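Shared chain: chain A. Partners: chain B in the first complex, chain C in the second.
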Partner chain A sequence: MSAARLRLTPAIFFGRAALAVYLLIMLLWLTFPVVLVLLASFQGTLEVSFPAPVSFDAYKTIPPSYWEAFWFTIRAALLATGIALLVAIPAAWAMVRGKLAGRRIMSNLVLIPDVVPQLILGIALLTVFIPLRLSNSFAGVMLALVALSLSTGLRFTEALLEGLPDEYEQAAQSLGANKFTTFRLVVLPLIAPGVAIAALFIFMQNLITFELLFFISGPSATPIAIRLFSDIIDRGIVPYAVAMAGILVYVAIAFYTLVAVSLGPKYMAGSVMSRKG
Partner chain B sequence: MTDITNTPSSGLSAPDAQDQGRHVSRRRLRREKTFYRLLTLPALTIVGLVAIVPLLLLFVGSLRDQRSGLFTLDNYVNTLGNGFFMRTLATTIAMAGGVTAISILMALPLAYLLARRTLLRNIVMPIITVPRMLPFVVIGYAMILLLAPMTGVANKVLMGLGILQQPAFILFDWPGQAIAFAYNGIVVATAVLTGVLMSVDTQLEDAAVSMGASKPRAFFAVTVPLATPGIIAASALIFTSVVTAYAIPVMLNGRVPYMVSLLISANLLTLQQQNLAYAQAIIVSVLALGVTTIGQVVLSRYGQRGGDK
Partner chain C sequence: MNMSNNAAQPVHIDRVRKTFGEFVAVRELSLDIEAGEFVTFLGPSGCGKSTTLKMLSGLLPQDSGEIRFGNKRIDMLPANKRNIGLVFQNYALFPHMSVAENIAFGLRMRGWSRADKDKRVEQLLQLVRLEGLGNRKPEQLSGGQQQRVAVARALAFNPDLVLLDEPLSNLDAKLREQVRLDLRDIQRRANQTTIFVTHDQVEALVMSDRIVLMNKGGVEQVGTPYELYATPATEFGARFVGANNLIAGTLDKSSGAIQARIGPETVQPVSTHSNNVEKDGMDIWYCVRPEHVAMRPQSSAGHFGGRVMDKIYQGTTVLIDLDVKGLGTVRAERPALEVGDLGVGTDVGVHIERSHAVARLG
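Showing the complex of A and B:
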């Protein structure tokens, strides 16, 4: 029977061929945006042709406003990630270890910014931020990102702490450590690697957030994704914008490399961590 | 916990010391609870101020008349009675549903291969992860580079090969948007489904094959049903992301808006009908959250979580 199965009948052959074609098409389809953006960014023109001379003109002509937007986004994303984790880790610890009444409700409340569509939360924030003069400001953008990061951070750290047996903490406390010392000397070092990965994910998520920030950003507070977006609306696709898109591709590749090196590529499978919309 | 501290004191014979001890432990326990409550306070405050209050205000705003400020259901009545809005909502749902179905169908075989072949997975994982870590705008740029009528690679290649006589103008219309959404959907579906299929025990499939089922039959009769919760989770994710997408519908917009998010932002920003826009935003979020909730309910009923983060 196994011999019969191994023989290459026409049906199996066509099946294999169809599978190979499917795989090839899917790989081409999945890689084309990154490949096209990178190719175009090295040509300095808008028409991608191949082969073409390599030129760095597009990168050299990236205007200062783009770099400003880029660093603005990095600053806001970093700060938001830091604040969110500072707040989320103690909260997650209290929720997991404190056996508080209404824990489910609290943890679901914190998840709201992640569950509500970002477009809607952005509109809601706009209505509140305008009277507070927070729209079109660094603080406003950062606050919005903090709320979003907090949801993700809490989910990450709750999972980390739930996977951590509480015997270590009990041991520390039976030896006389108080809650704070236990947290600082036992819990924090144990979850630190996981928190570092979480921080990386949250930072990346903040970097690419668009819908949430679209309405509350403005001329003096423009994340890079929104700068790229409004330029394509105003003047169509321009070479230096493609170059900036290329830089974002490098950032994404660097992120993947970091995560893959520290965790192995398997970790990325099944991740629902993704841009929304 | 509470039953230790709250048991009524057992009677007259209880010595004072025991009573006192109970008091001390009760106080310590209460202090501990307060300590934990305090730790959750900053997180709850931030979410309350930056998400819950704004969303409640949005809801209240949707119930008020813009001029008089009186409470009314007019915004909802006008929206739901507006043929243009409802048609756009219908095309949005049709777009989201179609994109979701195509994404799942296209991604499922690939995800299956990735889940079973480690080498292939290690090669393909970066290919699916990098696009997910890019702003959707960048994908939009790539779409324009590929499909733009005159300069796009696809048009140039097809015309060079003589397949097309004149450039195809599909980009700035619903097909262009559908292609961009489907790209994103396939990427997300592949990532999520790979994780789900990796958690399906291969031995079950082997058992089916050993009992005479062909490989495709085993796949459809054993593996797919086991992966259903993950498929539902991925579908809900893709559906809601299309319904509430904003960047792609504007970038690749045609003359007629196909996506409801365009109407909302027009009402909000250009037409200055904020309260109407709030009502429309609420309608869209009810739609999105409804789909997500249905997905969650199905997931919890199956009792299996579709892959971790």
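Showing the complex of A and C:
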């Protein structure tokens, strides 16, 4: 191995260089939109120029209605994520370990919100929400997000539990733990890192969900994505809209960092399912 | 310090049965185990050993039959109410808990006080010789150490029965030899009624008070290691436990004594074990252990004529394949010193020191 490593032939060198360039292009492609939005937010225009003065003017001009929409979204997204996981984890456990008849069908059914276009889901929810007076309300938006989060949450936790050998649970039971204690003391701690990552993904998804909320939102319940959309349609790309987009990026980075720091880096890279890293 | 499990009671397994659809995984299994006894379920892969353990532990419901501790029937209880310690093949130590927390888990479930728990954990760490490692996480232990933690965890709460499902199969050969003696020692000191599962016959012979030899969901034979080795009850037992020469013959009781007739002229005295080897003229396997095949100079009388066909040196012993007149190909195993100068092609006299007969079916 080491001998082979020392001999850097031209072929290997160019192979590596090509790989590096390839990865670089891929990374640029992935990060380009984010970087552009961030640069633009400091210049107040999408026509980013180099070098350009950095200014916070765009941020300062964000109107109160934006902040309202922002906090509205954060609250709804957090609550929906929490509720969805609270429901999804025990449900997934029952589905994976319960060996219920028809469990395959069930675990496919819950994917529907994920695979049906959100627009259609939104219309369907609207027809239910209007008679219940849930449209154009915080509860309505939150519940719509729960529907979406539940699907993602179940998919995540189901995979996490599938990856957890059932011997841990059997061991706990043989030692005298009942189902509930087993879940609390063994299952939950073992899947916790995976759940944290699931929460991160679900929260992000909720933060930026647009189509689903398009019909359900209204003047008294406006998520930030809808606010940005309608403003940009009406007035073009205004500087404070770009600044708000920047803020959403910061929120994403902050949550990612929070989860990464609390779990340690080994969990974040690679498989979401890995328990031991 | 008293480690022994004074509350130990006998275990009765009564006609326990398990099927998966049409497939019979365990046919009516019955067994009485004395308090403090070490019983091994031995058998090839797929014979139903793990299925039996799972039924005992409550992780799998049996189709029929009863399991009792003393007079108490336990087979309707859920796994967490059976008071049975389980050791898994992969140990299944809780990775998020320390060694001490793992060992204390069963005590915690039984509501032991902090002080009692700590004391008991110390006792067990001492028993499995892992003093001072209580604060480690399982991943910071070697395979053999993890195995001992798993044993300590299963013993901690004074279970009525401990079940071990191939707990040594993940260890390398050297460590396995060491750990099986350790395990045996721990079991004796704790006077812990134990069922151990393995498909390794040497492991079974070395460790057990009694062995239950299983095949295709049924019990072939129950006996001490010596009984299983010296007097197999069935062809399966004769082939599975230890090496054996199996030579086709018939039972000959014409002279009153029990003899084996092989070919037209060879008649040899033979021992039998099971009562299904008694009918005169029935088909039998004439079984000879390689170590019971002795070689003499060719001149000596009362021996079969034989020729050395092959020699395989193994260190302390040598395997010798012989072509024996009247018996066919027979393998002998002799001490290396004894047969050092015996060359391939040499003619020898062959003496069968001991033999045993089992029924030959089909």
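Please note the rule applied: the second predicted complex is superposed on the first by the 212 of 277 C-alpha atoms of A that agree within 3 Å, B and C clash if a C-alpha of one lies under 4 Å from a C-alpha of the other, contacts with A are read in each partner's own complex, and residues count from 1 in each chain.
As a convention for this text, a contact is a pair of C-beta atoms (placed from the backbone, for glycine too) under 8 Å apart; a residue touches a chain by one contact, two chains touch by 3 or more.
Treat the numbers as computed from the prediction; the structure is a model and nothing was measured.
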Chain B versus chain C as contact partner of A:L23, first or second or both or neither: first
Partner chain in contact with A:L258 - chain B first, chain C second, else both or neither: neither
Which of chain B and chain C A:I208 touches, first, second, both or neither: first
First, second, both or neither for A:P189, with chain B first and chain C second: second
First (chain B), second (chain C), both or neither touched by A:G98: first
Which superposed partner A:I247 touches (first chain B, second chain C, both, neither): neither
Touching partner for A:Q170 - first (chain B), second (chain C), both, neither: second
Chain C versus chain B, contacts on chain A by residue: B
Where chain A meets both chain C and chain B, residue numbers: 275-276
Of chain C, residues touching chain A in the complex: 57-59, 78-86, 88, 90, 92-96, 105-106, 109-110, 139, 153-154, 157
Touching residues (chain side chain A, partner chain B) in the complex: 19, 22-23, 26-27, 29-34, 36-37, 40, 46-49, 87-88, 90-91, 93-95, 97-100, 106, 109-110, 112-113, 115-121, 123-128, 143-144, 146-147, 150-151, 154-156, 159, 179, 201, 204, 207-208, 210-211, 214-215, 224-225, 228-229, 232-233, 237, 241-242, 245, 248-249, 251-253, 255-256, 259-260, 265-266, 268-277
Touching residues (chain side chain A, partner chain C) in the complex: 165, 167-168, 170-178, 181, 185-186, 189-190, 275-276
Residue numbers on chain B that touch chain A, as the complex places them: 1, 32-33, 35-37, 39-40, 42-44, 46-48, 50-55, 57-58, 61, 106, 109-110, 113-115, 121-122, 124-146, 148, 151, 153, 156, 183-184, 186-188, 190-192, 194-196, 198-199, 233, 237, 240-247, 250-251, 261, 264-265, 268-269, 274, 277-278, 281-282, 284-285, 288-289, 292, 306-309
